[in-house]
Structures are given as structure tokens and as C-alpha cells.
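There are two complexes below, and they share chain A, which is joined by chain B in the first and by chain C in the second.
So, the complex of A and B:
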């Protein structure tokens, strides 16, 4: 039987391409990203097509997403963070749609947020961007971020490296959290799915007991839907918090 | 006149009755909703804190390993950086936890 981790393998779609020694074939991961992009664009553009004063169901859905992120950004980063709204909103919708598309059964879509390469690339982009914003807003004073106030100089020898490591750990924690959640959830679903198949194959009383793991999968799917939304929210919220640190420096 | 009074009184009683029923229905639903949100955020907080703790340590280990290779000082820098990384992870968790707790007046002097 297929391994529960098989769902995470990257397979090329179409011909294998190579540029300067790097494999740049169009893969199932890339296809999932394109699908995510199309779904989000479709959801927002067609939801807002009528642009009615009294929104219909679809338009309310789009507006709820907008207001949710706008409120979160306002609460965490204040009015100064307002101009970064498009980026945060795009990030949230991209991760959310990716996680949710990965939850569709039967189609067996590829969840690209279950790859550390993808999540780390996103987190690293956020990290570099936020650091640039910090230096652009505060100039060299931004280095003061690594020096705790009121500590004697001999403690600074220990505290400054700790602060630097703490700052460098941000992209790691941001990416590992999303990646680990998606991998764990999807692996669990596959493992219990495997139980159903192997118990069913035994026949008789064993086949009847396959109901138990099946019921568990139903519950787990609900939990995974929650995790998919929650992790997209956490990813966007922490980006807002980091942005707040860069803009206001504690 | 008395008829009118009676009518408005009856209407008022009806409205009051409706009000109490609406409030009762609201109260009955509220704890359920609040609990659902709480459970979701609890899971979010848990994953957040764990990732912060691990990330600090990971950065420490990696920085130590890399610097050791760079300066050929195996294993001393790695030992130092693991300790620093673990401290950074714990500090991260403390900070994240502090952000989650609503600020209370007597907490002000603890803020740095």
C-alpha cells in the first residue's frame, strides 16, 4: 500500500525543463499554486463584480475577509501599518486558499503549504521585507532593537546575541509552524484512511470495524479545516506583529 | 381612551416579552460561540508557542554548527550557541505569552 507520505512527493507535469542546471519543470506543486491564484482571483473579482451597496452572499464573503484582515492589521500594527494592507491580505488569502484547496477530498490536490521550501520562502520574504521597513523607518537606530533598555554592559554581552538569535528565529518559527501543521494533519488523514482500506480488505467482522477509523477521519477532517483557517490567520497575524515591531520598535 | 391605553399596555407587555425571549436566546447561544472561538485560539496559541521555542533552538544549533566550521573551533561555539538559542526560544515564548494576556494596570511596571 502507498505510504502516507507519498502525497507530498513532487512530480513534474509535462516535459522536464532545465535552466542553468536547475530543474524548473512545471510540477504538481506549481499547478496547485496556479490553481490557488486562480481560485482567489475568481473569488474576489467575481464576488465584487456587482459592487452592490447591499452585498449579496458572495460579496459579503469577500467583504468579510477584507474587514477581518483590515481589523487585525489595525489592531496589531496601528494606522501606520495601513499601507501594507495589500500585502498582508494577499498573503492571508493565498495561504488560506492553499490550505483549503488541499483539503478537498477525491481530487487529491497537492497542498504546497506542506513543503518547508514554500513556507520558508514566504516567511523569509516577510522577514527580509520587515527588516528593510525597519531600517527605512528608523535608520541605524533600528539596531537598538537588539539592545534591551537598562541592562548593564556586561549583561549586554549575553543579551545582544540572544536578541539577535531571537530575531533570526522569526522566519523559522513562522515557516515551521505552517509546514508542520499541514504535514501532520494530512499524514494523519492518510494513515487512518489506510486503516479503513486494510480493515475493509480483511472482510467479515473486520470490515465492519472499519467504521471506527472512518468516523475518526470525519472528525479529523473537521479539525483539519479549522487548522487550515487558523494557520493562515496565525501566519498573517504574526506578519502584522513583526511589521508592528519594525514600525514602532516596542 | 381606556381602550387605547389597554392596547398600548398590551403592546408594551408583548414587546417586553419578546425582549426577554430574545435575550434568553442570545444568552443561550453566546457561551457556545465563545467556547468555539476559545478552543480555536487555544490551538493557535499552543502551536505558536511550541514553534517559537523550537525555532530559537534551531537557529542556535545551526549558527553554532556553521561558525564552528568557519573558525574550526569544534565543538565550543556550538555549545555556547545552543545555550543562547535555548534562551532566545524561552524569551520568545515569554514575549508571545505576554502579548496574549490582556494588559492589567499593575503589570505596567514589569513592562520594559
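So, the complex of A and C:
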């Protein structure tokens, strides 16, 4: 019986590659990323192939995604955030497609968002990018972001370090949220799948009772689909909020 | 837990960077402008259509006002024509009536004259008849054969006195 964590194992596909001493082998994780890229590109390209004034279902789906993110960005970061739209849209579609592709049963492809290295890399990129935008927009005044308005000086001694720590912990909370949700969901599915298999192997009344964990898997799959969409939304949403902080400070 | 194997970080991050960059370039160069373009076109089309509809509505309203105004004009014109004609006809009727009543009055005068003449004539004849009857009566009663002129003189004197008394 394999461990429920075995699904997260990264296996190399093809030969080991190396650039500047770093291992850059193509793995099942990289394959899932390429699959995500293909799916998202296909979804948008074929959705918009007619460029119809009155959209069909597929085009409506693409436009819905677009307008959803555009509205979210507009509501949180205002018109100044508009030029970062392609990045937020890419981020959302990438994470959403990755999470959903990881949910395909039986085929059970690799879910690369269940790896902290990937989620942290994205979150750290967002963090660094947003901080650069903050300093580029406000200059050194951006340090004022860590000083809450109207607080007396003795409270600032406590509040400023808290603000700095909370700011610095953003990439961690952002990446761990997505990573932990994906790992927990997929592990749960695997655990209950294991129950079904081991109960079925026992035979008789035990095999019949395997119905229960199976029903649970069905329910859990529904929940995980929701989590897959929700986490993609949360990731994009928090990125928008951080962007808003950088653009408008409070 | 395979996630904590630091040796596996580099290939993941490398491929993430490659794939994400490609997707970002696709999104920012092709997908997002294309979708934005379609959405904008639709927005413009809807706005244009609404604008055109508003213009047409305004024109329809204008046409309606013109129609109503012309209808009101026609109605007042018709009323004026009717009023004029009525006055004209009234005047005409009065004139005709006047003429007719004058003619009737003239006729009546003439008739009166005829009647008067006939009456006078009849009265004259009555005198003759009366004098003859008187002469006959006198002859029957007294046997006197009176000259008809004398009798007529007496009768006419009597009748004149009677008619004078009458009138």
C-alpha cells in the first residue's frame, strides 16, 4: 500500500538537464505545467477564434473569466492597477487550470500547485514585484506604509515591527495557503481511496462497507473542485490587494 | 514528504518560470488585447445602437408633434370654414326671406287693391240692384211708376248715409 503522499513525488521525464550547475530536468511537475499552459492557451485561443460580437458558449466562458478578473482588479486596485491585468489574469488562469487539471480522476495528473517550491516562487515573485511597484510609485514614502496613521509614538514602537513582520510574512501566507489546501485535499482523496481498496480486498461485509468511503470520495471531489477554484481566486485576489497597497498605500 | 526535498526546487522553479513567462507573453500580447477588443466592440455597438434608437425616438416624437399640430390646424380650419359657411348661408337665407316677404307683401297689396275694387264695384252694383228692387216694390205697393233715375238717387243717398254710419 503506497503512502498517500506518494502522489506528490517528482519523477524525471527524460534525461537529467543542468544549467549553470542547477538541475533543470524535465519532470512530471514540468509536464503538468506545460499541460496547463497548453490547456489555458487552447481554452482562450479556441474560445476567441470567432471573435464574435454575440459570443457563443465557449467565448462567453473566456469572457466571463476575463471580466471576472478585470472587475476584481478594478474593485480592489482601481484604474491604476489596470496595467497589471495581464499578470493577474495569467496568474489566475494558471493556478485555476493547474488545480482543476490535478482534479481529473483516474488519469490523476500531477498537481504542481501542491509543491511549496512552486507556490512560494509565485508568491515571492508577487511580493518582490509589488514591493518594487510600491517604491517606484511612492519612493521612500512607501516606508510610511509600515506606520499606522494617528498612532501615538510609544505604540509605534510596537506597531511598526508588527506591520513589517506582517508585510514580510505575506509571501509565506500566500504560498502556504495554496500549497496546504492542495496537499490536504489530494491527501484526503488518496486516504479515502486507500480505504476503499483495502476494505474491498477484505471481501464480504467489509467490501460492502467500502461504499461509505467511496461516497465520501465523491463528496470530497466536489469540495476539492470548489477549493481548486476558490484558491485560484484567493491567490489572485490577494495579489490584487497587495498591488493596491503598493499603489495607494492604505 | 517530497515537497520538502530542496534538491527538487530548482527544476520546478525553472520550469515554472519558463511556462509562466510563455503564458504571460501569450496573455499580454494576444489573449487579453483580443478579448478586450471584442468586449469594447460589443460595448460600442450597444452604445451606438442605443444612441441610434434614442435619435430615432426623438425623430418619431418630432413627427408625432408635427402630425398633431397639422391635425389641430386642420380641425380649426374646418371649424372656421363651417362657421363661415354657416354665416354665409344664414345671410343668404335672410336675404331670400326678405325678398320673398317683400314679394308677398307686394302681392298682398295688389290683392287688397283688387279686393277693394271688387268691393266698390259690388257696392255700385248693389246700389243699382237696390234701386231696381225699390222701384219694383214701390210699383207693386203703390202702383206708381217711378222713374228709375229718381229711385236710384234716393237709394244712393240712403246707402251713402248708411255706409257713412257704418264706417
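We adopt the following convention: the second predicted complex is superposed on the first by the 247 of 250 C-alpha atoms of A that agree within 3 Å, B and C clash if a C-alpha of one lies under 4 Å from a C-alpha of the other, contacts with A are read in each partner's own complex, and residues count from 1 in each chain.
We take it that a residue touches a chain if its C-beta (ideal position, glycine included) is under 8 Å from a C-beta of that chain, and two chains touch if they have at least 3 such contacts.
It should be emphasised that the depicted structure is a prediction, and the values quoted were computed from it without experimental measurement.
Set side by side, chain B and chain C differ in how many residues of chain A they touch, and the one touching more is C. Using the contact criterion defined above for the overlaid structures, shared-chain residue A:168 touches chain B, although it does not reach chain C. Of the two partner chains placed by superposition, only chain B is touched by A:226; chain C is not.
In the superposition on chain A, no contact is made by A:244 with either chain B or chain C.
Of the two partner chains placed by the overlay, only chain B lies in contact with A:148; chain C stays clear of it.
By the touch criterion defined above, A:113 lies against neither chain B nor chain C after alignment on the C-alpha atoms of chain A. In the superposed model, A:99 makes contact with neither chain B nor chain C. Here chain A touches chain C in the complex through residues 5, 8-10, 19, 22-27, 29-30, 33-34, 36-37, 40-41, 44-45, 48, 51-53, 55, 59, 62-63, 66-67, 85-87, 89-90, 93-94, 112, 114-118, 121-122, 179, 183, going by the rule given at the top.
Those residues of chain C whose C-beta lies close enough to touch chain A in the complex are 1-5, 7-17, 19-20, 22-24, 26-28, 30-32, 34-39, 41-42, 45. Of all residues in chain B, only 40, 43-44, 47-48, 51-52, 54-56, 58-60, 63, 81, 84-85, 87-89, 91-92, 99, 112 touch chain A in the complex they form. Residue ranges of chain A in contact with chain B, taken from their complex: 148-150, 158, 161-163, 165-166, 168-170, 172-174, 176-177, 180-181, 226-227, 230-231, 233-234, 238, 241.
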